[in-house]
Amino acid sequence: MKKILKLKKDTRKNLITYGMIILAFLIVRFLSASGNISSAFRGQLVPICVYIVMAVSLNLTVGILGELSLGHAGFMSLGAFTGVIAAIILQGSVSNPLRLAIAMVLGAVIAGIAGLVVGVPALRLRGDYLAIVTLAFGEIIKNIINTLYVGIGENGFRISMVNAESLNLGERGTVIMNGPMGAVGIPKLATFASGFILIMVTLFIVLNLQNSRSGRAIMAVRDNRIAAESVGISVTRYKLMAFIISATLAGAAGALYALNFSTVVARKFDFNTSILILVFVVLGGMGNIRGSIIAATVLTVLPELLRAFNNYRMLLYAVILILVMLVSNNEQLKNMTKKFKGFFKIKRPSDLKGGTARE
Amino acid sequence: MKKHRIFCIALTLVMSLAVLAGCGTSTQQSTAIKIGGIGPLTGGAATYGTSVANAAKLAVEEINALGGLQFELNFQDDEHDAEKSVNAYNTLKDWGMQVLCGTVTTTPGIAVSAEAYNDRIFTLTPSASSPKVVEGKDNIFQLCFTDPNQGIASAQYIADAVLGTKIAVIYNNADAYSTGIYEKFASEANDKNFAIVSVTTFTDDTATDFSVQLSEARNADADLVFLPIYYQPASLILTQADAMGYTPKFFGVDGMDGILTMENFNTDLAEGVMLLTPFAPDASDEKTVAFVQKYQERFGEIPNQFAADGYDVVYAIYEASKKAGIKGDMSAADICEKLIKVFTSSDFSVDGLTGENMTWSTSGEVSKAPKGMVIENGVYVGMQ
Amino acid sequence: MLKVDDINVYYGSIHAIKGVSFEVEQGEIVTLIGANGAGKSTILKTVSGLLHPQTGSIHFAGQNIVNVPPHKIVSQGLAQCPEGRRIFLQMTVEENLEMGAYIRLRHEIRGAIADVYERFPRLKERRRQQAGTLSGGEQQMLAMGRALMSKPTLLMLDEPSMGLAPILVTQIFEIIKELNQAGTTILLVEQNAQMALSVAHRGYVLETGRIILTAPAADLLNNDKVRKAYLGG
Amino acid sequence: MGFLSYLISGISLGSIYAIIALGYTMVYGIAKMLNFAHGDVIMVGAYMSFMATAYIGWSPLASVVLAMAVCTLLGIIIERLAYKPLRNATSLAVLITAIGVSYFLQNIALLIWSSNPKSFTSIISLDSLRLFDGQLIISSVTLVTIAACIVIVYGLTMIVRYSKIGKAMRAVSEDKEAAQLMGIDVNQTISVTFAIGSGLAAVAGVLLCSAYPLLMPTVGAMPGIKAFTAAVFGGIGSIPGAMLGGILLGVIEILGKAYISTELSDAIVFSVLIIVLLVRPTGLLGKKISEKV
């Protein structure tokens, strides 16, 4: 116990986050094994994992790097379709878990490359202008994927932008992506366990980055770009690094998402999905990884819990969203909780040492 | 960061409730057969789901009033999204669904039918029209035509009746339904007595201005414009063509149905529009008249083809259930096997609003004759 | 005229102003001096209503003005010329002055503008120019002119000499004296303690959010501690 | 001739984007927030005009006045209830709230007016203009839309430049704190801006549905996003910028469809946007961002 208390505050916080995820995983596993879990919730396990990864990765861009991105779903889309193509091509040649892993890695790589391509020009812009470029990127990806036909057949791997027939796949060919009809006949490889592993990997990467030298540099860039530049931090490099990692993780999440449903269409990854993920990040707290995890989980489950309200479901969701924003930003309430917390505050050794003066 | 802590605790509580929510589902048995329905009730495609849900409700009420076999309907929203649709499906499963009437739209339909296939839940979709919905799944059936069938039938109709020689096509290339019909139509057109002279597209995001598409059709001297799309964008196309002074023949598919009953629509614009549809709300047969009247009384709107599909689905399940001797206390899997047998048997046919003598093949596709209609003086008239 | 009583102000969790009390009488020039970060500007912002004290009271002309919104405080006759001038760079000189008289009626504005032009002839020459194109000294004049447009009975000036050449500083302080002689009460916040104390009647010395000393300005000028800390010897 | 008619279609579509973009840009300039619910206010305006003409039988002009009145009121209410309490919160918190409001408006419209689309009767019933022996036909809606856009931009520019409230808006947009010290009621100024922006949204809604007469609860969503893009394109915060951005966006969309590909028209529009922003990082007419150290 003493040893844990001695650890740095950050490390302790991170351990709690990991612990929380592992505990949640074990509880769900246990409930699932004993049959105490609803189909509705079981069906949502993989999407929840995906949205957690999406939220945590977007938090890297929005919370930690401090740049608003409205096109995060675009990277998810690239990862999703890359993952589907990989999974279908590898059908029968490798075992399922390996196939899923390869699909996720490839999805991540392609999304990461896109992150580089978008990031280099976009990160020169700031604020809302960067936001609009990411939005535009997401829309372009959606539009292009909608006109893309991909298949594998006698002549190998083919791509076309005209129609499925022009792929000339021959009798036994498979159309993998069929323009606006999206990818169909996707093998359902995603499992809750794989989602759990992806979350752990994401947390490992993001939390380590946050507490590393690079992470501090990134946050310095966020807080004061000019000051950071003046002490020799390469702004572009660190911004790009955070942005690419964020895109890469979104790509992996996209692949996992696509491989959980038998069909996926480009339209799914539109502006609204990007916004949805942004809502997770903002509600969970900027830069607060644990908050993102919780917000992503709750807001994914919430619309399902509201099903009892039938037609008023989405209306209620909107009202809850607005109220939560109003309440969590209410000055008076904030002061009240502060006093409340001060009353119960337990003095920890790290707090006694005299704060942040020496590091 | 700290301000979120209390909020987080509250959220965690909600989350725990979510996990436990399913635990309470009782195993109480009722004699009614539990029918689940899935379709978009909110969002951009809400009108389709709402029509199906309304009509299905109507049909269930009628059937229950007969006193014999009892149905219980639970219709869930999927926002026209595969993920939400699977969620809706799982919710229905927790509720104890025995037969699925859904889904209304195609992409969610493909995702849900894969689940229903694994779970052995009998599914009859009112309007998810891609062949991918039923392909390779013995317990999934369709009540509507498949998209390729509509493409073939349209090409056939146009060729047989020599409706036009130069055809322009405007379709929604972000929509599976529209693209599915177009692709088959285009490949059928090869050896027909007409030529496709212009093909243009739009997406849901650009479905406002059609001046470019219409100009291209006019510049290519098209005498017939084929619109394998839904009636909402079609109404815009008709309005804009009229404003441009462009007056070709317009030919639509079943998605075009609804254009005449669209509130406040100037039906003069649709004069002469031809379409293939299995349902016309102003048909004079007894069944349609009764249905339209009841629907209008109940929901204040004139039913469209989606409503007719929803109504027929419930009645098809009802007829088949009667024939198979299904009872509410049977398991979903048992019901599934029995219904498959009935639906694919040669002596099972249903007379519905959307077709006489509908029969089903083992692939799950329906066989019924599409009716060619032309709009004259604001009403459908059979085309021969 | 202005009576600040035991106010405590927080920035988030930082306790910026700790139990500060002071008074300004009609017709006086009172100055608050102190090092950078002592809380001088925070006090002025609190008086103006931009910040709210957690505890304590502020009375202006007998009325409690805590929790009165800033635009209403202006109409009670209390104007502030903020630190860093904060003129509207994209608007013309004359528009800036009009903004200063936002609470006044249309027919009063003409006369007020004429008065300001009389006091600052340079501004009249540049009336149609965008404020962003003015020199630093001109900008300070504009800021003061703008604050005067509301015809305040108490004018608060926050670092009017900041960033100006010495000759301009002298000029600005001359104007401050003139304004006071014309009947405006002035609360002056300055880092340039020498200059401030030379025009003021009384002064308060502020250190890390507390008032540590108060005396007539002449006494402060001769106070050893003050000399050492703020007057460079 | 084809080009000319495409160009006119583009300007017409662009004029609608421009009017919507003006609402975005004014609110952004003063409140520094992206009001994503703006597109849904358009939808409400269109429904109001529809109800007044189709159900009550009012004249088109009266219906527009009603729509503007309702939307103005709606704008003020939204601002009071949802945005004002967040005046000191982060801009992202406000953004998310705006999205909540957008969902709210769409879903309440769904409950009130049902999901079935309605056909909007154009408020303009004049004959089309025929030029060059009928080779070029310009519909009256197009002419009215373009004229309305010009009048609105002119009117707004005059208001912002010369009126007392307009000057207050400029002052608030430049420096909120200093504006308060001048005696400007910042909250009231922001409310007025919302009111004007929402009133404009009503006009945009009526014009949008007159040109493209299909009315659904989601009708404002996509034009809203496009108009937001247009506002950024022209330089967000700038009134002439919003007009230029809107019209250019419309023209690029139509010409892209006509000469490159109808399938990729969105990709084309957004690619042009990205390129412009890379060359001019604050939009076509945007002001340079001065950076505070």
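Order of writing sets the chain letters: A, B, C and D. Residues in each chain are counted from 1.
One rule holds in what follows: a contact is a pair of C-beta atoms (placed from the backbone, for glycine too) under 8 Å apart; a residue touches a chain by one contact, two chains touch by 3 or more.
What you are looking at is a predicted structure, and each value in this text was computed from that prediction instead of being measured.
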Next item on the list: Would you kindly say which chain has the C-alpha centre located farthest from the C-alpha centre of subunit D?
Entry: C
Margin query: Could you work out how far the Cα centre of subunit A sits from that of subunit B, in whole Å?
Written below: 34
Check: Rounded to the nearest whole Å, what is the centre-to-centre distance of subunit A and subunit C, using the mean of the C-alpha atoms as each centre?
Finding: 51
Margin query: Need the CA-centroid distance for the pair subunit C / subunit D, whole Å please.
Written below: 42
Checklist line | Multi-partner residues of subunit D (at least 2 other chains) | finding: 107, 110, 263, 266
Check: Got the subunit B residues that touch at least 2 other chains?
Finding: 41-42, 173, 203-205
Check: What residues in subunit C touch two or more of the other chains?
Finding: none
Checklist line | Interchain contacts (touch definition) - all pairs | finding: A-B, A-D, B-D, C-D
Item checked: Residues on subunit D engaged by subunit C in the complex (per definition of touch) -> 164, 167-168, 170-171, 174-175, 177-187, 287
Check: Can you list the residues on subunit D that touch subunit B in the complex?
Finding: 2, 5-6, 9, 13, 50, 54, 107, 110, 114-121, 128, 134, 137, 139, 141, 208, 211-214, 216-218, 221-223, 253-254, 257-258, 262-263, 265-266
Margin query: Please output the residues of subunit D touching subunit A within their complex, sorted ascending.
Written below: 28, 34, 82, 85-86, 88-90, 92-93, 95-97, 99-101, 103-104, 107-108, 110-111, 225, 228-229, 232, 236, 263-264, 266-267, 270-271, 273-274, 277-278, 281-283, 289, 291, 293
Next item on the list: Could you pull out which subunit B residues touch subunit A in their complex?
Entry: 1-4, 6-8, 11-12, 14-15, 17-19, 21-23, 25, 41-42, 76-77, 79, 81-84, 86-91, 93-94, 106-107, 110-111, 113-115, 130, 132, 172-176, 178-180, 183, 186-187, 203-205
Margin query: Which stretch or stretches of subunit C touch subunit D in the complex?
Written below: 48-50, 69-71, 74-75, 79-80, 82, 86-91, 95, 98-100, 102-103, 146-147, 150
